[in-house]
Every structure is written in C-alpha cells, then in structure tokens.
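The structure's right below; bear with me while I get my questions together.
Chain lettering (A, B, C, D and E) follows the sequence in which the chains are written, and residue indices restart at 1 in each chain.
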Amino acid sequence: MTVAILFQLILNGLAMGIIYALPALGISLIWNASGLFNFAQGDLLTLGGYIMLTVFGKLNIPFIPAFMITVAAMGLLGYALSQIYFYPMLENKVNPQIILIGTVAFSVFIRNLVLVIWGTTPQTYTNPFGSQVMQIGELYLMPHVIWIVAIVTVLLSLLQYFLRSTMVGIAMRAVAQRQTASWLMGIRNDRMIALTFLLSTSIAAVSGVLISPILPLTPSMGGMIAVKAMAAVLIGGLGSFSGALIGGVAVGIAETIFAAIVDPAYRDIFIFGILVLFLLFRPGGIFKAQVSEKV
Amino acid sequence: MAEQNQENRIVLKIEGLTKRFGGLVAVNELNINVEQGNICALIGPNGSGKTTVLNLITGIYPINGGKIEFLGEPIQGLPPHSVCWRGIARTFQNIRILGSQTVFENALLGKGYGKGGAGIFHTVLNTPRYRKDMAESTDEVNEILEFAGLTELRRERACNLPYGKQRILEIARALVTKPKLLLLDEPAAGLNSQEIYTLMELISKINERGISILLIEHRMEFIGKLADWVFVLNHGSKIAEGTFDVIKENPDVIQAYLGRGGRKLA
Amino acid sequence: MKKVKTLLHKYILLVIGFILLILPLFTSQYEFYVVERGVQNAIQVLGLLILIGYSGMMSLGSAALLATGSYTYGILLVKLGISPWLGALLAIIITTLIGTLLAFPSFRLAGPFLVVTTVGFGEIVRILLLNLESLTGGAYGLEGYENLFADSRLVYAFMVVTLLLVAVGTQRISNSKLGLALKSIRQDEVAAEIMGVDVRRAKMVSFALSAMLAGLSGVFLANLTGYMSPDSFTSAESTTYLLMVVMGGMNSVVGAIISSIVITALPEFLRFLSSSRLLVYSLVLLIYLRVHWVKSSRPSCAGVAKKLKINIGNNKSGRGGGNG
Amino acid sequence: MKNVKKAVVWLLVMAFALSIAACGNTGEKVSSQPTGTSSAPAPSDTPSKTPEASKTEKEKIVIAHLAPLTGDASFQGQILVNCAKMAVDEINANGGINGAQIEYIPVDETSTTATGIEAVRKAIALNPAAVIGPNRSGTILAAEELWKEAKIPFITDGTNAQTTQKGNPYTFRIQIASTYWIPILARTAKEHYNVTKPAVIYGTNEYSKGLWDATEPALKQYGLKPVTVQTYNDGDRDFTAQLLKIKESGADALFCYGYEAEIGMILKQRVQLGMKDLLVFGERGCSSPAIEQLAGKDNIEGLVCSTTLSQGDPETGRQEFIKKYTEKYNGAISPTHTNHYDSIYILADIIGRVGSDHEKIREELAKLDYTGALGRYQADSEGNLVHTIYTQVFKDGKWNLLLQEDYPVK
Amino acid sequence: MLKICDLTVAYSVAPVLHSVNLEVPEGKIVALLGANGAGKSTTLKAVSGLIRAHSGRIEFCGQLISGKRPDEIVKLGLAHVPEGRLVFPGLSVFENLKIGSYTRRYSPNQLKVHMDKVYELFPRLAERCTQLAGTMSGGEQQMLAIGRAMMSEPKLLMLDEPSLGLAPVVIDTIMDKITEINKHGTTVLLIEQNAELALAISHYAYVLSVGEVVLSGESEAVAEDKSILEAYLGGEQ
C-alpha cells in the first residue's frame, strides 16, 4: 500500500466519520439535557433529508431558504415531540427503560412514516457544494468534505459556547440535573427540555441536509448511520461534544483502514469489537463522560 | 492467653485503610477495631469519609491500601455479596428498599441469591428440596419481621410504608442475612423523636442478640445513649476514639465537629 | 360464576394450552402457520421477559440469539449429519453459552450502553451469517435438514407443550428467590448486592435463560420454515420481540404469551393497512407507552394480564412458591 | 397433591384433544383437496369443453401475486405490482379471459424469509389459478415444497440459478437466470470493449451473489479471469477500500452487482477516486432511473448493462409500453421487473386456451414459446421462461440499445 | 409579607394539610417546627407552587400567589431552598450561582455585584468557584444552595431543613449565616426539626402537627413551653 493510498483512505474515512459525528452530536445533546438516549436520532436525520428532498429537490426552492424551512420544520417537530410525548414521561418519572423503548418505537415510527410517504426507492438531490472532484497531487477530494468539516466545527463551537456561557444554556444543563431545583430557580422545565429537543432535531435536520446529497436517501439510511453513530458516541464519551466529533471521525477512519487492510465485510464487527473493548476498559470513552456514582 | 482472647473478641479490624478518588484522599491510613458485641459509632463532619469507610468494608469500592479483617480473615477485595455472606450487613443513608415489592419480598431479599439453597433446576421443577428451602426461608423472614414489628405490614408494598417503617424494614432486611456485624448509615436521619426512640430500642434488641454494630450518626443524643465506643473522623483520618463521654471533651473533636451544639450536650 | 373465575385464574395456562392445541381444528393451513409462528415467538418472548421484564436489562440483540439457535441446529444437521434431537440439544446448549457471554458486558454496563452493545452483537451475528459462507451458506441460506418430527402437527404439539412448561417455569422463577434477585437488580443493583445477591451470577443466569429460550425458539423456527437465511434475523425482528414483551406488560407470563401470539397474528387483521402496518404498530406502542406508563408510572405493571384480571398463581408472599 | 392430579387429568384431556386435532386435520386436508380444485373442471374432461365451462360459470379467475410490498425492497415490489396491474386492467377492460374477469390479488411477501413463507401459504390459501412470485430467491428456496404439495404453478422471479434446479415441476421463472444473463455480459465486454483485466464487486445478498456465481465460468468461457473480487454488505455506504484495491489491481473493467443504492454509490465513488475511465458492466439493476439520479448522469457515462427492457429500444411496441407505464404511474420506468406485464398476458393466454386447471396451466407453461410486448419467452427444461435479453449502454446522457438477443434455449 | 389562609392540601405523595393559617411579617425570621411528616415541607412546596393547594389562599406582599407556577412565584421575590439542598451537581459553583439569577436577567455588571455579595457571605464559595457542585461536602452544598437562592434578591427566603445531615459545627455556621442574611433585610421562613436550634434564631415560631398548626407565638414564649413542644415534636405517627 502506497502512502498516497493510505492518505486517500484517511481522507475518505474522515468524510465518512463526520457523517457519523453529526447524529452522534444530537445523541449527546439530548443525553446531556434529559438523560435520554435517543435511538431515533438517526431516523430524525432521515426525515430531515426527505423534507429537504421535497422542499429543495421537488419544489425547487433555492438551497438556503429550503435549508431554513427544513431546519425550522424539524425544530418544530422536536418541540412538539417533547411537549406532547417525552416531557410528560420524564416529568412523571417513568422508568428510563420505558422511555428508551419509547425512542426505539419512535425510530420505527419515523422510518415507516418516511416509507409510506416517500417510498423505498433510493433518492437524492443535487449536491449544493458541487460534485466536481478536486485533485491534490495523487489525492482526490470532494468539496463537500471541506464544507461539512467547516460547518460541523462551527456548529460544535456554537453549541459549546451556548451551553457553557449563556444563561439559557446553563439553565438547560441545570434542568438535566435537578428538575425540582431548576423549577425553583424560575426555569420552565418543560420549555427547556423542549428547547433541547428542538436543538437536537434541528441538528438532525442539518445532518440530513448535509448527508443526503452524498448518501442515497432510503427510509433505513438514518438507522444504518445511527448504529455507527451510537458506537462513535460511546467511544468518544457520551455527553461530550468533542467526544462525539472525535469518536465519529475515529470510527470513520478506523473502519476505512481496517476495510482496506483486512476485509471490508467485517468492518462493522471490527468497530463493535473496539466499542466493546472501550466499554469494558474505559466506559467513559475517550473524553471521559460523567459516569454517575454508583452509591 | 488473655491477648488471644482479646484478638478473638475483635470482629472487624481495619488497618491502614486508604482510599483515593482521583487525587482526593477520601480515607487515609485508618485504623478501626470493632469488638464483639459492641455498638460502635463513626462520627465526623460531612465529607470526612464515613460513608466511604462503609463502602470500603462492604466491597462496593476497591481499596487502595491497607487491610480489612473480619473474624480474623481478610475481606478486602471480596465482592459485596461475599462480604454479606461472611456476615456483614448494612443499611444506607438514603433508604434503598425495593419500592414495588412487598415488605415480605424486601425482607426475603436478605436471603440473598447464589449461596447454596435450591438452585434454578429445583426452582423450575418445584422439587421438594425447593419447597423445603422456600418454607424455611419464609419462616425465618417471618420471624425477623415479627421481631422488627412489621408482621402486619408484610403484604404491603414497601413504597406505601411511612418513612420510619421503611427504615425499620431496611434494618430487618439486613437482619435476614444473619449478620454478625451490622453497619448502619445514619439510621436516625429524618426520623422524629418517637421514631428515634423506637429505633434505639430496636438497635439495643439487635445488639442483645449478639450482633455487633457499627453506625454513622449525627444525632449526638443517639450516640450518647447507644454507643459503647466512638471513632471520630476528619478528612479521612481518625482524630480521636474512645467512649462518648471522653470524646465530647476532646478539643480537637469540638473544633472539627461538635461545635456549640456539642458543647451544649456536654 | 365466581368459582369459574377462580378456576380460570388458576388454570389459565392450561386453558391457553388447550385452546392452542385444538386451534388447528378451526384454522386454515395458512392461519395455522401463523399460530405456529406465534407459539414459537412466545417461547422467545418468555426468555426476553426474564431478561427485560424481570432483570431490567434491555436487549436489542434477541434476533441474533434466535439466529444462533436456528443456524447451529441447521449447520449441525447439514454439515455434520447428526440426528435432529441431538442437534437441537447442542444448538440450545451452544446458544446458551453464547448468550451467557453477553452477560459479561452487563456487569459493568447498564441502560443505553448495554443496549448499544446488544445492537452491536446483533450486527456482528448478521454479518457473520452473511460472510461465513462455507458454514452458513451465506446469503443463499441453509436448507436440507430434518425436522424433529416428520409430521409438522407433531412439531406443533411438541412446541405447545414446551411453551406451557416454559411458561410454568418462568412463572415459578418469578416467585422464587432468583426472581426476587432479578427484580432487585432492576430496581437497585447495589442494594441487591449488599443483601447478598450474587449479582453477576444472577445476571448470567438471566442472560443464560433468555438465550436458552431463544435457542429453543430458534430450533423450532428452523423446523417451521425448513429453511433459514440471514434476512430473517435483522434488527427489525429484535425490535418486534421487544414490542411483544412491552405490550405484554413486562411482568406477566400470560401477558407475554398473549401479546406474542396476538402481535404475530395482527398483520392478518390489519391487512387493509398494507404498507403502513408497521407505522400503525409503532404508533400503537407509542400511545400505549405514553398513556399507560405515565398514568401508572410504577416499575411493575401487569399490562395485558392485569387488564384481563388474570394473574396466575401470583403468590405474593412467595410462600411455598409456584402454582399447583 | 390434589393439584398435581388435576393437572395430570388436564394434560390427558389435552393430549386427547391433540390426537383429535391431528386426525381431524389430516382428514380435512385430504377432503379439502377435491373441493379446492372443484371450481375447475376435472382433469379427465375433454379440453374443448373447458372454455365454455368457465364462460358459463362467469367465475373470476384468481391470480395471486407475491411481491415485497413492505420492507426495504418494497420499491421493487411496487414496480412488480404496477406492471402486472397494468396488464390486468387492460385484459379486464377488454372483456377478460373468455368473459371471465381476472381477480388480481397482491400478497405482501415482505423482506424476510420467515414471513415470506407465511405469504406463500396465504397465496396458496386463496386457491388461485396460478401465482406470480415470490420475488426473493430466499423465499422461493424456502417455500417451493409448499406449492409442489399444493400443485399450483408459481411463476417466480428470483435470479438465483438454483431456484429452478430442484426439479420442482410447478416452479417456473420469468426472470432471466444469472446463467443466461452473465455470459452475454461477458461476451459484450470481451468482443465490444476488448476487456482484458476484469474486476468484480458484489454484495453479500443472494441476488448479487447469484450473479457472481455465474460470472466466473462466463468470463472463463471468453478466456478472462477476474483480477480481483471484492464484496460488500448491504447497507455499506463507503466503498473506498474496495475501489482502491480494484485501482491497485490495474483492472480495466468492473462487473458490478447489487441493489440500486449500493451500485449508485460505487459508480459515484469510483469517479470521486479518479477512476472515471474504469468501464462498468452491470445487469438490470443498473438501468434503473435511480442509478442515474444517485450516481449522477455524468458519472455513469459508458455504463453497460443487460436488462429485460431497454429504455433506448426504438421498437414501437416497447416504446409504447414505456409511455403507457410512465403516464399511468407518473414516473420514469425502472426496467427491473417489467416482465410481469407479460407474465399476466402469458397466463391469460394459457387460461384462455385450457381453462384454470392447475395441471394444464403447468403443462402449457412447460412448453411455452410466446412473444409478448416486451420480448419472446421460451421455456427451457428447468422451467425458466427465458426472455429476450437487451444490452444497453449509457451514452450522451441517455440509454442506447446495443444488442438484443433471444438466448438459445438448451 | 407572606400570608397563608386556610391552606388545605390533599396530595397523594405528600402529607396532608388541614386549614393551615400562617403569617410571616416582614424582616423577621419565622420558624415552622414540627415532627417528620407533620406537613412542614408540604406547606413550603405549596407556597412555592411545587404542589397545588386544594383550597385556601396564599398571599405574598399583598398579591395572591396560590395557583401560580413556581417560575412565576420566584419572579415575585420568593426563593425556596429545598430539602436536601438540590444543588446542580454537574454545574460549577459559579454556574450554580449564575442560574440562581435566572429570573432576574442581570447585566454582566449587576451579576458580578450580586455574585460578590454572595461570595462575601460565604467566602468558602469564592474559593471553590470553579469546582463542580457535586464534589463538594454537604455543608458547602448547603451554603451554595442558600447563596444560589440569594442571587435572585429574594424578599422572602424559605429554607427547608438547612441542618439536615450536617455536622453540628457546620450547622452553627449555617445558622449564623441565616441570621446575617436576615439582618441584611431578607425575611426568612425556616423549617426545622431541631426545635432548639430554630427557636434560638427565630422571632416567631409555628408548630405544625398532623397537618395543623397547634401552637404559635414569639419564639421565646414557645421555647418556654417545653412540655407542649415535646408532645408535638415527639409523638407523631
């Protein structure tokens, strides 16, 4: 294997990795804010992609407005979802296991909703970042890789700033930790959690919009990405945003190189093997997540 | 010979016990001996490492250094359930009973799982051995519930019990494990005077059965009436030990822990 | 009337078994197959009831264990040519061993961490089935093995009897010390351990039992279809099994059996929904979770069984154990 | 003790019931056989009587169609049903078969084998004159004993060569087996494009694997040997590793098998890795409009594929079919499963001649030589209803017909 | 300042209250005593809106607040430090304090001024301003909880068992601080089980038993009535 090929592998692994990082980010966000592991994050991504397909690809609305419409629609969905479904469950202290099952059910629901509305034929729309391959020496690079890396980095910094430094961001984290106390601070818990859902579904929408020109849209697309994203988020450290990004990229690069050196058929086994090793020996992930005290 | 006797009378012997959480030393070179039949108390300011000591004894946390001997055998490194089987039972600062299970079932849990008794095959096949085992357990549990005054509540769901009764249930459950040493973590927390009185009576009764007790408590009147021997912890180290009457005069203890309220008692 | 009720109460399992056994009299061949699948699913779901309902350890890898049972049976028979009964026995043993291995991550992990691990296990098994062609036949699948009985009706009868025995066993476990230990793990693992519950062993037993039943169910599945291919063991199947456990109330043997059979047969009643069937399923599940669990957000609710006011031999005190 | 006794009694009762159940059912099964077929005239009747008989009865002729209507393959199922439905509507609008209307019943095969078997049983329970499907080779292999037992002809659709090689006289296949298909592709590669170093990539699903199994001998026939063979799992979206290996191997052509989503990605990523010059040969899946969309028209320039219908076929009958389909279903045609339009006409033709007796339909299908709207169909000894194969190439932004041949039936 | 009239609460998870009447005059410390389960916390929760009253009126500064949500009540200047402190364990001390001013929408300068006031009151918190609250000791958490409540500049501070689970020496400090806060002009409603402690620092006291006010008056007077105190603080079932 030449050095050029190795670099090409790393580059393409990176491109795949940021795709995993996006839903991983959403999972981490919801986990931070409500202690809920959202199995439906991948399918929300699919939904975002399909809404964009309709708005941008079919209705021919220009990219930026279409993008905003999609994000707004998904945000609204997240808000509603929280207000009518997840918040009442969290408020009534329903067994977390049941809420987890709820997100699994949601994943199935969204997947089939997409299937019924848009069918299973793989679809896509024009890549807004251009489809002309860039050649740098012996390396080939698609322009969208650079764009997505940039967008994800900006998104991440904004999120980080929002949660660390703004009052609403801190309030969001406070709600995640102690709801009675946060209510007594004058925070509307339901709105905060709904806001978190709104953020997370908006991220799903952004991911869907960024990913669907690259990968074909199918109802199960988000689910397939989410499986890896879940591995990525646990490897990176659940709850940590940089962990989600680093975990996603690490998974992307590791699996691409493994596929090239060993056997592409077993790459998922490799990733889950790594995940199990991580969970057994460093359960907090790379960026040690807060593991709640046992006693 | 006398010394031999002395050794035998020590139920729990802790030597040089050390525990670090990251950079923080929670317990530092701690030595504690609990003698047979005694009620010992562990007091100290919040964050001085009292609950950590109980967690180390029961094996919830691994220790970083030192020795814990129970009845002359080292128990450090054993998983919590084996520690329990050796004869150490405990309760928690925040009551940890199974809310959706009945009082009886909560107490039955003290019979543990995995130490002898009828195995899974006997259970599934409902063999005579299983039925005998179950009947024996039931009798034992009923006896303890009777002892703790919970017989009438045995079919009640634990979460429906008043707070004081839940405390008693937790102690009863610990008794079902047939302990030789009982560790109580702030048993009087949140109880009213009447309930505290009942609790003190129960603890004395338990002690009369020959069960040694090590307890953590902040209520000095409780300690004063019950404890034979008191250890005072501060920042993970022992700063004093002795009978309560001696301890409460100790200037270090007053400075670090008792303050005005303590002096009033004295 | 009351007498009938108490009698029904007591013998509900036998009644179910009786109904199942005489059912072939009234069904077409096709409907019969659906019932067969329902019974086979019920066996699997009882295993999950122990794992998810009693011990509170979520698994989304149950289809993979089903696959292990099915494939081990098929491979042993086709490649080694051993007898069906021996093959079935070995398949169950091997599945149990593999399932027990899954317990090891559970010693340190809980909640979503454990679920993702089981999802990973499911993926691993699926990929192995597809790629270990010389053993599993790859995407072509595996066929050409003998059934336990030549007559498919005997297989069915055997399956129903097995289901009943498994149900009685599961019920007994629920009322036993083991069951209590499992339920205590679900509610407060540390307290359980302090009370002398060997948590690791209990978890292993829980995983082993559920894997054993998955293996058993897998062997029956192999017998029912006469052919196996990787596509029958996807994560969607795992989700369906989860759905069956949840709709059964997570705490009741009878509930689990009824819900598995009903959910297996439901597509027949929901034909008119065609492609939006799964949509409706998941919607029903969502509404059930939202309405039922918020209303009674207690850890244990008997679901279906409670609604029907049946709760077989639920000897609350645990004295004597089991039911007649 | 008393309980145990009671339980034993109950068990006995159950065992008794069981035995009754077993007997009852076998009895029913035997007796149901004649009633099941009684709607059709007894086989011993003279054939000339049959048409009148069904005409006077004015019965509906049931044709069941097994297709994946839910699950991941449902878009294929939709095409299958659309094409068949189109033919049924046309026939019924023109007065049906000798006056009898066709009752067309689609049955959801779903995407898994276990539920697929359920669907086959359901289709049989409808007691149709014939069944079209199943679509998935897995389901066919798993369930073929069922229709052998029921003695109902099934016109299946899987490409896997094995499905018709089991000696089941009731199994037919309107889909072209990979063993007929791939040699044409290999010959095209050799003779039209002078390929010397072919590489192969296929998915680990039964469909793609069936194609690969036929590829090696076909290439050998033309003196070619794959320089590298790569596989992928369904759902994979990154083919960098495989494509770079193909690049390293110095291959000048790629035989690419799989479903639309994966093929689209492979074709696209091939260009993204600077391998635009690599010739790609595929089969019917490649001519789906989804590929054009997913990979981008620029990226599939020069793609060669063999299919059951060519979008670029100038022949008027087929152009008309394409137009009809596009109008009726409001979308570009995917020539993957269009032959079910003809399979309905084939059945209508046979039933019109011999009536809806299963055995006679089977006999007719076994010696079929029929020219329909989309091509000529000839039955071979295994039950393959071999179809005209079209090879097309994507050039200047559209499909062009390259070759058209009726495969020589053995 | 705070006036509770005929407050009745019948709520499945909390002890019941029957027609409780209570008044907190401005600038004073009022102690609410009672045994475990007497309904002290329920009263506080009803005032701060965490649980809904069945009937009765609660007035704060002449404004009817019963039926309002906690977030609305906090805005009016009523802070509630709940039992068990309930600091946000994953937030730093600084962030905990900042969130305390959520309803006030301070400018950065105002925030600093208020923060400094709290730090002055509890110098310990200033030392630990970047530490995660969850890693602090019980006493420090209690200080943080009070400091957090003070960030909203409350007119009335309600404290639910601030001495719970604390070492005697820490309790002394906390009680001193409560007096200090009161001297700076904040009215305090204090719940305590430890009657001796509460009566020592409060001006008025109410004794609650089984959901009813059984005794009230000036603290010194109540303290003298030892026998009654014992009767009501002890024999609760």
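Following the convention adopted for this analysis, a contact is a pair of C-beta atoms (placed from the backbone, for glycine too) under 8 Å apart; a residue touches a chain by one contact, two chains touch by 3 or more.
Predicted, not measured: the structure shown is a model, and the values here were computed from it.
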Inquiry  = Starting at chain B, how many touching-chain steps does it take at least to reach chain D?
reply    = 2
Task = Quickly list, by label, the chains bordering both chain C and chain D.
result = A
Remark   = Set A-E beside A-C; more C-beta pairs touch across A-C
Ask   = At what distance in angstrom does the C-alpha mean of chain E lie from that of chain C?
value = 52
Ask   = Using mean CA coordinates as chain centres, what's the chain B-chain C distance in Å?
value = 40
Centre-to-centre distance between chain D and chain A (centres being mean Cα positions), rounded to whole Å = 38
Query = What whole-number Å value describes the gap between the mean CA coordinates of chain A and chain B?
reply = 47
Key: Where chain E touches two or more other chains at once, by residue number   = none
Remark   = Listed in rising order, chain C residues that touch 2 or more other chains are 127, 130-131, 190, 275, 278, 299
Query = Where in chain D do residues touch two or more other chains at once?
reply = 70, 74, 204, 231, 233
Key: chain D partner contacts - residues on chain A that touch it in the complex   = 5, 8-9, 12-13, 16, 115, 119-124, 131, 133, 135, 140, 142, 215-216, 218-220, 224-225, 252, 255-256, 259-260, 264-265, 268
Task = Note which residues of chain A are touching chain C in the complex, please.
result = 31, 37, 39, 85, 88-89, 92-98, 100-102, 104-106, 108-109, 111-113, 115-116, 223, 227, 230-231, 234, 238, 265-266, 268-269, 272, 275-276, 279-280, 283, 294-295
Message = Under the stated contact criterion, what part of chain E meets chain A in this complex?
response = 48, 50, 69-71, 74-75, 79-80, 82, 86-91, 95, 98-100, 102-103, 105, 148, 152
Query = Of all residues in chain C, which touch chain B in the complex?
reply = 169, 172-173, 176-178, 180-181, 183-184, 187-188, 190-202, 205, 209, 298-300, 316-322
Message = Quick check on the complex: what are the chain B residues that touch chain C?
response = 58, 60, 79-81, 84-85, 89-90, 92, 96-102, 104-105, 108-115, 117, 120, 123-124, 126, 130-131, 134-135, 137-138, 154-155, 173-174, 177
